[in-house]
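Dumping the structure here so I can ask a few things about it.
For clarity, chains are labelled A, B, C and D in written order, and residue numbers in each chain start from 1.
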Amino acid sequence: MARVASPALDELIGQRLAVLDDGFVRVVDYMGGDESIVQAARVSYGKGTKQLREDRGLIRYLMRHRHTTPFEMCEIKLHLRVPMDTWRQWIRHRTANVNEYSTRYSVAIDAAQRTDPAEWRRQSPENRQGSSTNLDLATGQALSAREAQLQELAREVYQERITRGVAREQARKDLPLSTYTEAYWKVDLHNLLHFLELRLDLRAQREIRAYARVLGETVVRAWCPVTWEAFVDYHLQSMSLSRLEIAVVHALSTQPERAMEVARASGLLKSGGSLEPTREGKEVGEKLALLGFVVPWSPPGRPD
Amino acid sequence: MARVASPALDELIGQRLAVLDDGFVRVVDYMGGDESIVQAARVSYGKGTKQLREDRGLIRYLMRHRHTTPFEMCEIKLHLRVPMDTWRQWIRHRTANVNEYSTRYSVAIDAAQRTDPAEWRRQSPENRQGSSTNLDLATGQALSAREAQLQELAREVYQERITRGVAREQARKDLPLSTYTEAYWKVDLHNLLHFLELRLDLRAQREIRAYARVLGETVVRAWCPVTWEAFVDYHLQSMSLSRLEIAVVHALSTQPERAMEVARASGLLKSGGSLEPTREGKEVGEKLALLGFVVPWSPPGRPD
Amino acid sequence: MARVASPALDELIGQRLAVLDDGFVRVVDYMGGDESIVQAARVSYGKGTKQLREDRGLIRYLMRHRHTTPFEMCEIKLHLRVPMDTWRQWIRHRTANVNEYSTRYSVAIDAAQRTDPAEWRRQSPENRQGSSTNLDLATGQALSAREAQLQELAREVYQERITRGVAREQARKDLPLSTYTEAYWKVDLHNLLHFLELRLDLRAQREIRAYARVLGETVVRAWCPVTWEAFVDYHLQSMSLSRLEIAVVHALSTQPERAMEVARASGLLKSGGSLEPTREGKEVGEKLALLGFVVPWSPPGRPD
Amino acid sequence: MARVASPALDELIGQRLAVLDDGFVRVVDYMGGDESIVQAARVSYGKGTKQLREDRGLIRYLMRHRHTTPFEMCEIKLHLRVPMDTWRQWIRHRTANVNEYSTRYSVAIDAAQRTDPAEWRRQSPENRQGSSTNLDLATGQALSAREAQLQELAREVYQERITRGVAREQARKDLPLSTYTEAYWKVDLHNLLHFLELRLDLRAQREIRAYARVLGETVVRAWCPVTWEAFVDYHLQSMSLSRLEIAVVHALSTQPERAMEVARASGLLKSGGSLEPTREGKEVGEKLALLGFVVPWSPPGRPD
């Protein structure tokens, strides 16, 4: 008997998968694979199931029914290089093991994430925590020049402090958040998938999404291909319908003429007899469109 | 400035809310309420939002978009009396604080959960981990008599061991799983709702569901009424549609004649041109019916 | 580059290491080893340290100074067979991943832990949660006979319920706590060592200590020998001295005649000028003896 | 029956306890107190103990024997204002609930931690992750002037980005780590004490120690005075002796002439018959001195 191995992931071990201008993801070690999930589920279910289902069906069943514990039986250890700003979001995922490069112990990594003039993003007018289209190039060039100036001064000041003998723990205090840090990050597959579900979402910040894409589409797909496929089908590309939304869909599929009334009773339209959707009503409309319905309160072709 | 209080929950403090034949749930202490969730969310969002939304809308927005951290800001401490068999399921929820009655330190609680003759449940033929209808009364009476005999012998043997000076930690080794235990259980609202989502599900075992109902419908509803309502709308009575299910609904609402083809391509029908659904196909059929669709592969009125 | 391997642990994979009358510990998979701890620590400390210390010294330094995160970088997955009574203690360690054999899904494991007539333990008169010497053989034989009778009835009743069609989830309700269960248990090395520190303690119950010994002395010692040695030196065989104990030792090593006075002021002697130690005073006395001091309030050779 | 209250902590609720130049700690809410710890311990121990011990003795017993779960029964919620650099250390304590001010959603807090010219610390020559004495005032003034220049430029650049319409999530990327952030931080008493044990240590960074002092000496002392006292006695001012150290103390107290030999055999002296201690040997020497022993390898009055 030997350890479970994933030949496709073995090939990736040690490779630096580039992200952003100077970041990377590198697989260092791992334990388990699709096979371990099946093995763990079968301990729970006892002998009875062995012949009945093949592995793929079992993994998909577990994913569909949110039986999450078998996915915790796989573990992966990554070496990351990430801007501190992105790391601030990353570290909020608490169920993981972390060893970060210490700027108390060693001189800070001399690299900061820089923005290409074409990559400055405009504040989204609708979504307070999002960005939208990119700014024009002339503005971008001015912004990138100032970014370089600021990063240069920060580097100089840090260097001066070190030279004058300031303790590293204090010298680092004004480093920009764009400074790269490195860490070993170890996590089980269930928690990694949860991280990916949140960080692959379009509302996640572009920088962390870039890491999530590499982790999902390169690393997890190579490591546990059956699980990745099930995750895409039952989580990433799934949709949740609330009690209110179920009622609206039910009306549309049985008595379409009552749909407006149902929507109004559920607070999806602005008050006072308006045909305009509330914020939640707009979100509902987007889902209905994906389900192939003509949204009664938002004429086709007229996105709101 | 003073602590956040929930007058409706204050009234419940100390009351034993009965569950099963001899169990209970008792609220001992708590921190926060609906108001604390809003307060925490506003720290995240900064000053800008104060005037813009009212509290109910904000709580519903957080629930709808799975912004879970503000719900972690409320905490509750309960005194529970639960059969050890149920406790074995309960304790699998790891994100909680626990102090359980120690049968090493003290003599075991002299009470075991008994089954009424009318309450013996038949093994479900379809769902390997479920039960279905109840057994007939004559059988139930025989089973309850044997239950009493076994519990009586277990009590005698335990008592003998204690009398003969056996260490309590060893004397307890053959207590039946039906023996009641007590514990203080402290949990934050987010994790309590997650517990309730799993344990109010119809597939959860009837005994733990009895506790979950009291915790949800009596305790949480009194403590955080706005959160409870949002939880019901966006979680308890919600439905998740997979990538495959979205495709089937889309077909039904736009080109119903293609729905069978889509379902077949997604593996929802048995192979070989069959019109019979697979196990997943049946589950999909149940959801479609709830959405008001005529399920193409399962004629109405003929449940499978 | 390849995964870190531990040849000594590779040899153990798949072997059932027997514990109690019918239990076992079996290593299923693992990630990392002593080498990974060093690797993780060096990410934290940066390049500067590579030449300065060799690995053993670094691991001992980390252990001595409670730098725990590098030890979280190793992970192990075990297959366990444990009486439910012991499992109730085991599962209280929350930072681990678990898949337990389901007696809802499958018929319960037909084995219960039995007590040899010579192995019945007497309740400790001093330590309310402990046991002391064994009971005499005649008593033990009577107790073992009654144990067999109870376990036999429990098996019969369980079997009857299954035969009559009772749902497995309900049929199991009166199984004795001595019934064996099985589980996959996955844990990182830091949390495993914490488990071992608590469960190798003489105050831990004998049954779980039997498992802890195999886990520590066979599994961890083979897997991470340098870490195991450091753990023994800095944790298992260490001693903690409180502020009060430091004061007493200081008095004994500088002005022995003042030691009684210091002890009295710290509440280690009973009030009213007594020379008798309090409960805490006895514990302090045991430590002083281990440190080679003549305990002033407990004449040598007269253990209390 | 009513919630447990701590009148001394009630008085602190809402007050901003100042830390550093512009930070604070503010108690927002809490649950429980010394009384809850006793209550939880008594559930574990059953009725038998009620009369036997008074509360103070029980709390001290629990603390001395590392019975940690009753301390998890108290919870506190704090509003913090902390430089991001300090927050990076703080957030590594994973067992807590957090809502941080979002600089994606709102404009960043316009305050950065500044260093007084007299407060620049020299890198410790011995301890790679520490600082030692302060730098001279002239150097400090130069460093503080440059700090002001850098912080001023960072503020300008951030403001420009916001003005030109850059998304907040991107505009913040070069904020200095000294920028203040705010958060709600909710934690149970056991984990708070663990945080304090690590962050009150002299090796912790001065900035986070300033917060830890307020949390310990003002907040916890007011909230749970008996627990705080026990924590000081059994943790903060305790000392751990390793297997090697126990052997050295034993030698010193029984056969002082053998102490050097024991120390040498344990690797506490440099190899080759040297009388010079290794790094670990120096640490042992410091402990021996605190215990009142003359350290054989380090003549009194000659600190190494």
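One rule holds for everything that comes next: contacts are C-beta pairs under 8 Å (C-beta built on N, C-alpha and C of every residue); 3 or more make two chains touch, one makes a residue touch a chain.
Predicted, not measured: the structure shown is a model, and the values here were computed from it.
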Study note, to complete from the structure: Going from chain A to chain C via touching chains takes a minimum number of steps equal to 1
Practice item. Consider the two chain pairs A-B and B-D; indicate the one with the greater count of contacting C-beta pairs. Key: B-D
Point to revise | Whole-Å separation of chain centres (CA-atom averages), chain A against chain D | key: 32
Review point. In whole angstrom, how far does the Cα centroid of chain B sit from the Cα centroid of chain D?
Key: 39
Check your understanding: Where the CA atoms of chain A average out and where those of chain B average out, how many Å apart are those spots?
Key -> 28
Practice item. Mark out which residues of chain C touch at least two other chains, giving numbers and ranges. Key: 45, 48, 98, 102, 105, 128
Check your understanding: Draw the chains as dots and join the ones that touch; what shape do you get: line, ring, star, complete or other?
Key -> complete
Review point. In their complex, what parts of chain D are in touch with chain B?
Key: 1-4, 10, 13-14, 28-32, 36, 39-41, 43-48, 69-70, 72-73, 75, 77, 79, 97-102, 105-107, 182-184, 186, 188
Check your understanding: Which residues of chain C touch chain D in their complex?
Key -> 45, 48-49, 60-61, 64, 128, 232-234, 237-246, 249-254, 279-280, 283, 290-293
Study note, to complete from the structure: chain C residues touching chain B in their complex are 83-85, 88, 91-92, 94-95, 98, 102, 104-105, 112-113, 115, 120-124, 128-132, 135, 139, 143, 146-147, 149-151, 153-154, 157, 160-161, 164-170, 172-178, 205
